[in-house]
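Before anything else, here's the structure in question.
Chain nomenclature is as follows: A, B, C and D, assigned in order of appearance, with residue numbering initiated at 1 for each chain independently.
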Amino acid sequence: MAEAYTDQELMVAVGSREIRDGDLVFVGMRLPILAYAVARNAHAPSARGLFEVGLMRDQPAAGFLGTMGDPPNVTGALWATRMSNVMALMAQGLVDLGFIGGAEVDRFGNLNTSYVGDPARPAVKLPGSGGGADIAILSRRWVTLMTHERRRLVKKVSFITSPGFGDGSPGWRKRNGLLGGGPVAIITTLGVLRFPEGGGEAFLASVHRGHTVEEVRASTGWDLKLADDVSETSAPTDAELAAIRRFDPEGFWTRTER
Amino acid sequence: MAEAYTDQELMVAVGSREIRDGDLVFVGMRLPILAYAVARNAHAPSARGLFEVGLMRDQPAAGFLGTMGDPPNVTGALWATRMSNVMALMAQGLVDLGFIGGAEVDRFGNLNTSYVGDPARPAVKLPGSGGGADIAILSRRWVTLMTHERRRLVKKVSFITSPGFGDGSPGWRKRNGLLGGGPVAIITTLGVLRFPEGGGEAFLASVHRGHTVEEVRASTGWDLKLADDVSETSAPTDAELAAIRRFDPEGFWTRTER
Amino acid sequence: MSMADAIARFVPDGATVAMGTALEPLIPFAAAHELIRQGRRELELVGPISDALFDQLIGAGCVRRVTAAWVGNVSEGLGHCYRRACEQGVPRSIEVHDHTNFSIALALWAAAWNAPYIPTRTLLGSDILGRNPGLEMEGDVVRVRAVRPDVAIVHVQRADELGRAHAWGPLGVSEEAGLAAERVIVMCEDLVDASSLLRHPNRILFPETKVVAVVHEPGGAHPSPVQGYFNRDHAFYHDYAAASRTREGFEAWLKRWVLDVPDRATYLSRIDVQALRTNDG
Amino acid sequence: MSMADAIARFVPDGATVAMGTALEPLIPFAAAHELIRQGRRELELVGPISDALFDQLIGAGCVRRVTAAWVGNVSEGLGHCYRRACEQGVPRSIEVHDHTNFSIALALWAAAWNAPYIPTRTLLGSDILGRNPGLEMEGDVVRVRAVRPDVAIVHVQRADELGRAHAWGPLGVSEEAGLAAERVIVMCEDLVDASSLLRHPNRILFPETKVVAVVHEPGGAHPSPVQGYFNRDHAFYHDYAAASRTREGFEAWLKRWVLDVPDRATYLSRIDVQALRTNDG
C-alpha cells in the first residue's frame, strides 16, 4: 500500500482510543491485544487488562503474543487464575470495556460468530462464541473490529451469538435482562460506526483517510445512516504506530492477511 | 478414675475402628481428629482424611492439634485448598465415612446442634451446624460421639440440624433426596448404639466395661432397644492407647473436661 | 494504612462484613477489636464458622445479624456471648440466618458470579431450611441465595501496599469472599514489595481491584494460627471461654484486651508471642 | 504409565473427555494423537475453546459431539475439519452443544458440586440458548446444566507418580474440570518426587483421589505453550491451518504427524524444540 500504515494498524490505533484511563478492559484475541498495549503506553497508563484465559495485567507483555496465553503475557501478571474468576468480575459489572472479534455484524450491533445459514447444516460453521457472548452481555460497553465488506456488515444476522441491541427496539437489552450497555463502536477497515445514546441502529461516524462515504455505504449490507458531521478518522500518530510495531515487530497481526 | 483409660480414650479407640482401610474420611473437630490418627497407625494405613477447613492428608499431623487448621495439620498435607473443593468430593458421594459432634441425638439418629427449645428465644443456643449437616446428608455413612446422658440422648430432638433417619419411617432419607446412607453408630461414654440395615431406630450394640445395660437404658431418654446379643465393647488396645497418647500428649482432648 | 483508618473509612454502621473466612486460621481479630473500639453498630457478620471472633463482636453489641454456619469456640465449645444474645437478648437480640459450611460457600460463589442463587443437595432434611429466608426448597434441591458482603476483612501472610496478597494453608472461603465482596480490607503479617508477590501470580488470592485498604498488622490474627508464623494460642481461647461465661467476666475481658488497648502493638506486648512461633512452613 | 496404556485403559469409545481446559496453554496434544492412533470413536469433547486439538480429533473421525464455546485455531481462525464435519458431514456429522466460555465453566462447577445446574445472567439474548439442550431459560436467568466428563486429560508442568500435580500460568477451567470429572489423566513435563510438590500443598491442582494415570510426556503439549518451558509454536499452527484447508491436506498432515508417528519422542525429534524454549518463568 502507498500509505504509511496498514488497515490493521489504523484499526488498532482507533480501537486503543476507546480505552479510557483507569478502565478495566476485557481484552479479546488478536488486534485488541495490540490495542490494549498501545493505550497503556499512551493515554491510559492506569488501565488494567483482563484476559479470559485467566489473567489480569497492568503493563502490556514485553514479548510478542500470538495468543493471550503465551508465556510473555503471564510474566509480570497481576493475577493468574481460573477463567471463572475473571468472568466473575465481568458478571458483577466491573468490566468497563470489552473487545469482541466478529465475522458478521448487523445494523443493531448483533454479532454472529456461530453459523452462516441453517445451523442444522450451515453454509459456514464459524468457531463460536468463546467469551464473545459473555463480553457482549456483561461488559459495560464493547467494541468490535472487522474487515468492512457487504457480506460481513449485514442488515440482520441469521444467528445472534453476541447480542448488541437485538431487534433495535428501545430498551431491548434492559427488557431482556442484559447487564451491560452494549456496543459503542464497530471499527472497520473503512471507517467507524457508532450507535445513538441508549442504543439502536449504527451510523457512520467517521471515514478513514483515502476512503469515501459512498464507498463505505456501498460496502455495507444495509442503507447505512450517517452522522450529521461524518469526519475523517484521525490517522494513527507516530507514537501509536511506534507502539504497534514494537508489540507486533513482525507484522504478524498488522501486516499479514489472517 | 481407677481404670487404665478414660471415657474419651475409649470413644476415640471405638471411633477409630469405624474407619476402614482405604476410606476417604471426613474428619470432624476434636475427638475424631484423634480417631483418624489412631486408625491410620493401626488398621487403616491407606485411609485419607479430608478436613473441611480445606485440607486432605494421609499421614496424621506430627504435632498436637487444637483445631484442624493448626499448622502441624498443614505440613505434609496432600492438598491445601478451599472448603468448597473439599465439600465437592463429599457432594459427589466420594466420602466413605464422616464424623459429627453432637449435643443432642434422638432414637432415629437425628442430631441437634442448633437450638434447645423455641428457636425464636431458645433455652440454649448451640453453635450450629458447621459442616455437620453437610456430612450427615452427603457422606456415605457417619458416626457421632457424645457423653451419654438422658438430656443428650432424647426420644425426639426439637430441632434437626443434621438429619439421621428423620421420622424413622422406611426410606425416609431416599424419599427426601438425601445422598448418603446416614448414621451407623452413636458412640457414647457408656456404650455403642447402632442402627438396623437400611436405617431406623437405634439399638444398644455393646456396653463399655464397667457399665451395665440397665445403666445405659436409665441414661437414655427413650426405651432403648437392645441387640439380640449385647456384647462388651472391646477395650482400647495398648497400641491404640499408645497412639492416642502420642497425638494427645497433654490429654487436652482425652483427659480433661471440655 | 492504619487499622483505625481502614475501619473508620470502609466499615460503616450497618455494613455486612465477612470475617474468619479461612475458618480456624488467619482470623482478623485486630480488625474486630478495632470495630469494637470504634463502637460500630448494626453489623451483619458473614462467615462459615467463627472461632470466638463473632462471639466477641456480639458481646460488644456491634451485631444485628449473623449469617453463618457455626458460632462458638472451636477448642472450648459454646459461645457464651452468642448464647446470651440469643437466649436473653443481652446485650441485644440478634437475628440468626443459619447456614452449613457448604451452603455459605455456595452463597458467596453465587454472589461472586452474580448468580441469584446456587442449587444444592445439601440441607435436605435439615430444619435449618426453615431458619433462613435465603434457603428455599425447589423441587428436589435447595436454592442457596447469594450473600454479597459489603466488605471482606482477610488476614494473610504477605501483601504489598496495592493489595496483592499471598495466603497459604487451608483457605476456607477466603477466595470467594474476596470476589463476592464489594471491597476487601487486607491485613498482613509482612508488607513486602510487589515483585516478590508477582513472581508467583497464581498465588495472588483475589484481584487487587477489590482491595481498598492494606493494613500491615503483624500478629493481627492472634490467638488464631497463621501458617509459617504462629501456632494457635489454645490457652488464650480457654481463658476467653472461662471469662466470657458471665456477662461481667466478658466485660472485664473486653476492657483488658480491647477497650483499654490503644492498638495491636500494645495488645501483643501483653502476650508471649515468641512462644507461639511455629516451625511449620 | 505410557500414554498408550493410559488412553487404552481409561478412555473407551463413547467417553466424554475434557481437554484443552487451560485454553491456549497446556493443551494435551500427545493424548489427542494417541486417541487418534488407537482409533477411538464416538467421543464427546468438552472444553472452553480448543486451539486446533478438537479440530484434529474431529477430522480423524473420533468425535460424536462437541460441548464447547469455540473450536478453531486461535492465531489462524477457522477450524477446517470442524467446518467440513458441520457443513458436509465429512468425515462424519457431529452434534454441537454450544456454550460460552463462562457457561462451560459454570457447567463444570455444577458437576463438581453435584448441583443439577447453576443459574447465570450470561447467554441472555443470545441464540446459543436455542442450540444447547443443557441451557434453559428460567424467568430472568439461564440454567446451565451440569457437564460431568468421564475423564479430564490435563497437561501440567510437574507431577509425581501418585498424581499430585502443579500447574501454573492461567488455569482456564482445569481445576473445575478435574474436580468434575469421574477420573483424571495427568500428563507432565517433569516427573518429580512427592516432597517437592507437597512442600506447597496450596499449589496441588486437584485431589489425587481423582487421578487414575500419570504420564511423563515432556513436550506433550506442543505446539501449545507451557509456562516456564515452551513458547507457542505459531508456525506449526499456521502450517496445520494451511494443510487442513482440504480434506486431502489434512489426511497428509495426520499421516505425517500422528499416524506414522509411534510415540511423542519421535514426534519431537522432527521439531526444533530448543528454539521454542522460553525464558518466561
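Following the convention adopted for this analysis, contacts are C-beta pairs under 8 Å (C-beta built on N, C-alpha and C of every residue); 3 or more make two chains touch, one makes a residue touch a chain.
Note that the structure is predicted; figures quoted are calculated from it, not measured.
By the document's definition of touch, common neighbours of subunit B and subunit D comprise C.
Note on interfaces A-C and A-D: more C-beta pairs are in contact across A-D. The chain with its C-alpha centre at the largest distance from the centre of subunit A is B. Note on chain placement: the centre of subunit A and the centre of subunit C lie 42 Å apart, centres being C-alpha means. The geometric centre of subunit A is 58 Å away from that of subunit B, both derived from CA atoms. Separating the centre of subunit A from that of subunit D, both taken as means of CA atoms, is a distance of 27 Å.
Counting partner chains per residue, subunit C shows two or more touched chains at residues 106, 109, 113-115, 120-121, 141, 168-169, 171, 175, 202, 281.
Contact with two or more other chains is made by residues 55, 74, 80-81, 84, 87, 91, 179 of subunit B. A list of each chain pair in contact follows: A-C, A-D, B-C, B-D, C-D.
Taken in their complex, subunit B has these residues touching subunit D: 24, 48, 55-56, 74, 76-81, 84-85, 87-89, 91-94, 179. The touching residues of subunit C, counted against subunit B in their complex, run 22-25, 48-49, 51, 68-72, 74-79, 82-83, 85-87, 98-103, 105-106, 109, 120-128, 131, 140-141, 168-176, 224-225, 227-228, 231-232, 234, 237, 278, 280-281. Taken in their complex, subunit C has these residues touching subunit A: 112-115, 164, 175, 179, 198, 201-202, 204, 207-209.
Remark: subunit B residues 29-30, 51-55, 63, 66-72, 74-75, 80-84, 87, 90-91, 114, 119, 121-134, 136-138, 159-163, 166, 172-173, 176-179, 252, 258 touch subunit C in the complex. Contacts from subunit D toward subunit C in the complex involve residues 106, 109, 113-121, 141, 168-169, 171, 199-200, 202-203, 281.
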